[in-house]
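Read through the structure below, which is laid out as structure tokens, and then see the notes.
We call the chains A, B, C and D, going by the order they appear; numbering starts again at 1 in every chain.
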Amino acid sequence: MATLTLAEAEAILAGARVKMEAMGVKLSVSIVDGRGDLIALARVDGASWRTPYISQGKAVASATWGLSSADMAARWSEPIFPGFMALQGGRFIPSQGALPIYKDGELVGAAGGSGGTPQEDEDAVRAGIEGAGLATEG
Amino acid sequence: MATLTLAEAEAILAGARVKMEAMGVKLSVSIVDGRGDLIALARVDGASWRTPYISQGKAVASATWGLSSADMAARWSEPIFPGFMALQGGRFIPSQGALPIYKDGELVGAAGGSGGTPQEDEDAVRAGIEGAGLATEG
Amino acid sequence: MATLTLAEAEAILAGARVKMEAMGVKLSVSIVDGRGDLIALARVDGASWRTPYISQGKAVASATWGLSSADMAARWSEPIFPGFMALQGGRFIPSQGALPIYKDGELVGAAGGSGGTPQEDEDAVRAGIEGAGLATEG
Amino acid sequence: MATLTLAEAEAILAGARVKMEAMGVKLSVSIVDGRGDLIALARVDGASWRTPYISQGKAVASATWGLSSADMAARWSEPIFPGFMALQGGRFIPSQGALPIYKDGELVGAAGGSGGTPQEDEDAVRAGIEGAGLATEG
């Protein structure tokens, strides 16, 4: 079973920061493993205290389903998602801004951003994941 | 008071597995008693970690009302259902995939599946319940 | 990374049942993976509704630390353990009756029992783990 | 009001990693602000999934009181501490391994470690804080 290393998670964070600076936004970015447990997190100076929680919640949702959290947002009316939000004590947020991470075709985790528009959050983590030589689809 | 035995629960699991293999899907199946407490659970190799939770949550919902969880999904906008979800810490999911189990006309529990489409989840547990000589309606 | 299969989990359940019958006790047994998520669970007819919860909680504790839950019971005065109990919504119980499962020296999960004395609970899961050709130490 | 920057948090993580490698242990380290919200977190390859939670919980406890979490451990019998543990959903752990961070005499956050002995956890974060030119006392 493939796993995401801390070095890879840090490369994703670094790439996401280059992208967020280019976009002129201040984000938190959370990287979780395939089970939704944190590997790395960074909150840029000036980003709100809410952003670590939101970025983690989006990443957990994305890793749990292996889908982008934007795709999951469309399914919020299904009770399964509020169910997981309760199960995870609020740290499960199916809203745009997180993407799953695949390595050799296997789901190994997810990266979530928060602090910009949902699209900027997603763009930042996509730049990080792809810049680290990893994929957002299996 | 009629009760569901472990032998019956295991027969349901066995029948659901035959059906899921025929459909080519990997599920978790949870069997609960009439109070919503687990009697038996099995997660097939390769099914996601989210599936034991979801199958249990659907089974709890189904057993609590004595209805299929698909019928309950249509009533999600009623505050009672988010209320039970909160009460059960997320382990109450009124979404298609679980069916109640009746024995001699009495509600004795429910079986829930997760890992396929909602219809496949329901088909698997229906095959299990009926194969064990039990009914899904009172 | 080694993982515990459903076939192995079912072999552990079967071995634990032989042992509990020999001891004349009625137990629930829960088998979880290395992250504490359920793979299989069986509650024997006549075991209380509390036993699935307790057996799962003990197994989660054992898998999280890779230790027997009896060894962890001695450390209950450390706040880390109540912390995990809160984090897991009560499904984390560092009390005797669960053992970790090792395969080729790697932690792959845990098995927990509930319904007898704490020693009987542990004896049943030990019989199951060892009978399945797996180890309780790394 | 003095604040801890992400650059300082990353310097603490870097210093803690040098120290943990010297000690031969694999830790997670969490850095939180004065309110207990995460600024940065890193889990070293091979550290258990439980360590991000524990390191965060210790750091939150330390930041909330401005004390080392070891000093707080002695006060666990006071109901205030289980109260904060409940308030924070388990992410408040008054056990040795976290130190507060002071800058120009002001409390600006805390750093917590998990994965070694409690003393090793504390030694790693102390090395990180002091190496970053910050203080562990006001």
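The working rule: a residue touches a chain if its C-beta (ideal position, glycine included) is under 8 Å from a C-beta of that chain, and two chains touch if they have at least 3 such contacts.
Quick caveat: nothing in here was measured; it's all calculated off a predicted structure.
By the residue-number overlap criterion, the interface of subunit C with subunit D counts as different, with under half of its numbers used by both chains. Simply put, subunit B must spin 180° to overlay its Cα atoms on subunit C, rounded in steps of 5. Per-chain CA centroids place subunit B at a distance of 24 Å from subunit C.
Taking each chain's centre as the mean of its C-alpha atoms, subunit A lies 31 Å from subunit B. Note on chain placement: the centre of subunit B and the centre of subunit D lie 43 Å apart, centres being C-alpha means.
Counting only residues that touch two or more partner chains, subunit A has 35, 37, 87, 89.
Interchain contacts give a graph that is no line, ring or star and is not complete, per the touch definition above. Listed by chain label, the pairs that touch are A-B, A-C, A-D, B-C, C-D.
Contacts from subunit A toward subunit C in the complex involve residues 1, 3, 35, 37, 87, 89.
Chain contact summary for the complex, subunit D toward subunit A: residues 3, 5-7, 9-10, 28, 33, 35, 37-45, 49, 52-53, 89. Note for the complex: subunit A touches subunit B at residues 35, 64-66, 77-80, 82-88. The touching residues of subunit B, when paired with subunit A in their complex, are 48-50, 53-54, 57, 73, 76, 81-82, 85-86, 89-95.
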